[in-house]
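Take this structure, written in structure tokens, and hold onto it; I'll ask about it next.
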């Protein structure tokens, strides 16, 4: 049950983030959309590794048998993905600041060099 | 033991509720910061003390947490209020005295 | 536990929608940070404390800080940061 | 108009795919084979109580090396692009006395907490990435409290390069001395399970990762905080 709710929440966050990134005119809010997209993807990945009733994969006692743990591999992947997400966000913000210094605006419609 | 801990946690959450009520009720930014921070500091302290009653082997860590909250929470509210002042957030018409403004003019 | 999970999921989606819908850039950034914070509670319930710590510290804390540092560079001559198309148009005309 | 319709179409398609995924999603009841191996054999093989740590540092250590490299590239590009026009003489409003005192008091405490988090990464939740983020938040605090202080990148880049170099060197030592592969943690004895000095190289490597991530995130923050030239409206 928890896994299904988490997957639904993650999908909604993905859709909201992508919607925000595609329809906004403001670059900063497009980047906010990308971070929300990130969070949604992470939720989906963690819930794929979730096992109902499982505990965190931290073994306090070697002789514990019969405890069900959740899958550690998606957690390790998401751990690195969050840090990379910060790097990418910083990168996008740097570009936004540089574009602002060139044009004096953050509205995406004002950047006409790449229009066709 | 368990009952005492639960009572402490209950008092803490009651203070949280009152603080959120104050945030809605108060007229301007500064009063809202004041109610918010005062009550969240006290509420968190009560909740942590209650947790120490509920599971006694966490007491040392909870004490460290308490010290951190006592150190950081007032400072952060002070910084927010100062930033709001320099950002020229409007004050409630009932405000009587603005010592920071007076000090700035003096300097 | 499922009820709590459901409530926090709803909060997560609501904050994400706030970030999408609100007009002010600053509020949008803050709502994005709040989405990460609620998601970290979801991670704790799904037995992933490592991920929850990382999401709360990096995804919600440092990302918001970086956004505000960038916004401070931008807001210098964009004093009215509530976003209006007509104003932006006028200002770019003046610059020309 | 066409652009809007295209957006709708794309989001609708993605939504349909995600809906299909949700409807066909069943929660797992048993672990896949690899994860079961990690959980059953991991503590005995590597001596780390936190399985996520042993996956990040040892089983998938090469991925982590690549990830840290990507973070380094991002920090370098941010520093390169943002420093193009930097005004060294701009003066900002200083923080108040209370904030300065509190940040001077809190800075070593926060650094200590970050060190605690990445030293205990093999026992409790936490590790290099979280500890690095905490160290970076200490740097954020000082940057905000005294914005006019010039913080050089020299110390950060020295820490960053030394820890990166040591990380690769220890990984190569695992490959050369034990011949079990790159980043094997068993070149020093595993020690007693569940104590601070256990799990072989894992605490050392996670400390190095913590220092590297912390210095990289701090340099991103300091770069983005740097003042730009004020553009006057002509």
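Just so it is clear, A, B, C and D label the chains in written order, and each chain counts residues from 1 on its own.
The rule is short, and it goes like this: contacts are C-beta pairs under 8 Å (C-beta built on N, C-alpha and C of every residue); 3 or more make two chains touch, one makes a residue touch a chain.
Not measured: the values here are computed from a predicted model.
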item: More contacts between chains, C-D or A-D; value: A-D
item: Whole-Å separation of chain centres (CA-atom averages), subunit A against subunit D; value: 16
item: Mean-CA-position distance for subunit B and subunit A (Å); value: 32
item: Gap in Å, rounded to a whole number, between the CA centres of subunit C and subunit B; value: 23
item: Centre-to-centre distance between subunit D and subunit C (centres being mean Cα positions), rounded to whole Å; value: 21
item: Residues of subunit D engaged with two or more neighbouring chains; value: 50, 52, 125, 127, 129, 217, 220, 224, 228, 231
item: Per-residue multi-chain contacts in subunit A, two or more chains; value: 1-3, 8, 19, 50, 56-58, 69, 75, 79, 82-83, 86, 90, 93-94, 97, 104
item: Subunit B residues counted as touching two or more neighbouring chains; value: none
item: Chain pairs that touch, as defined at the top of this document; value: A-C, A-D, B-D, C-D
item: Touch list for subunit C against partner subunit A, complex; value: 1-2, 5-6, 9, 12-13, 16-17, 19-20, 25, 28-29, 31-32, 35-36, 39, 42-43, 45-51, 54-55, 58-59, 62-63, 66-67, 70-71, 73-74, 77-78, 83, 85, 88, 91-92, 95
item: Interface residues, subunit A side, partner subunit D - complex; value: 1-4, 7-8, 11, 14-15, 18-19, 22-23, 48-52, 56-60, 62, 69, 71-73, 75-76, 79-80, 82-84, 86-88, 90-91, 93-95, 97-98, 101, 104
item: Subunit C contact footprint on subunit A (complex, rising order); value: 1-3, 5-6, 8-9, 12-13, 16-17, 19-20, 24-26, 28-29, 31-33, 35-36, 38-39, 42-43, 46-47, 50, 54-58, 69-70, 75, 78-79, 82-83, 85-86, 89-90, 93-94, 96-97, 100, 103-107, 110
item: For the subunit D and subunit C complex, residues of the former touching the latter; value: 50, 52-53, 117, 125-127, 129-130, 133-134, 136-137, 140, 217, 220-221, 224-225, 228, 230-231, 233-234
item: For the subunit B and subunit D complex, residues of the former touching the latter; value: 68, 71-72, 75, 78-79, 82, 86
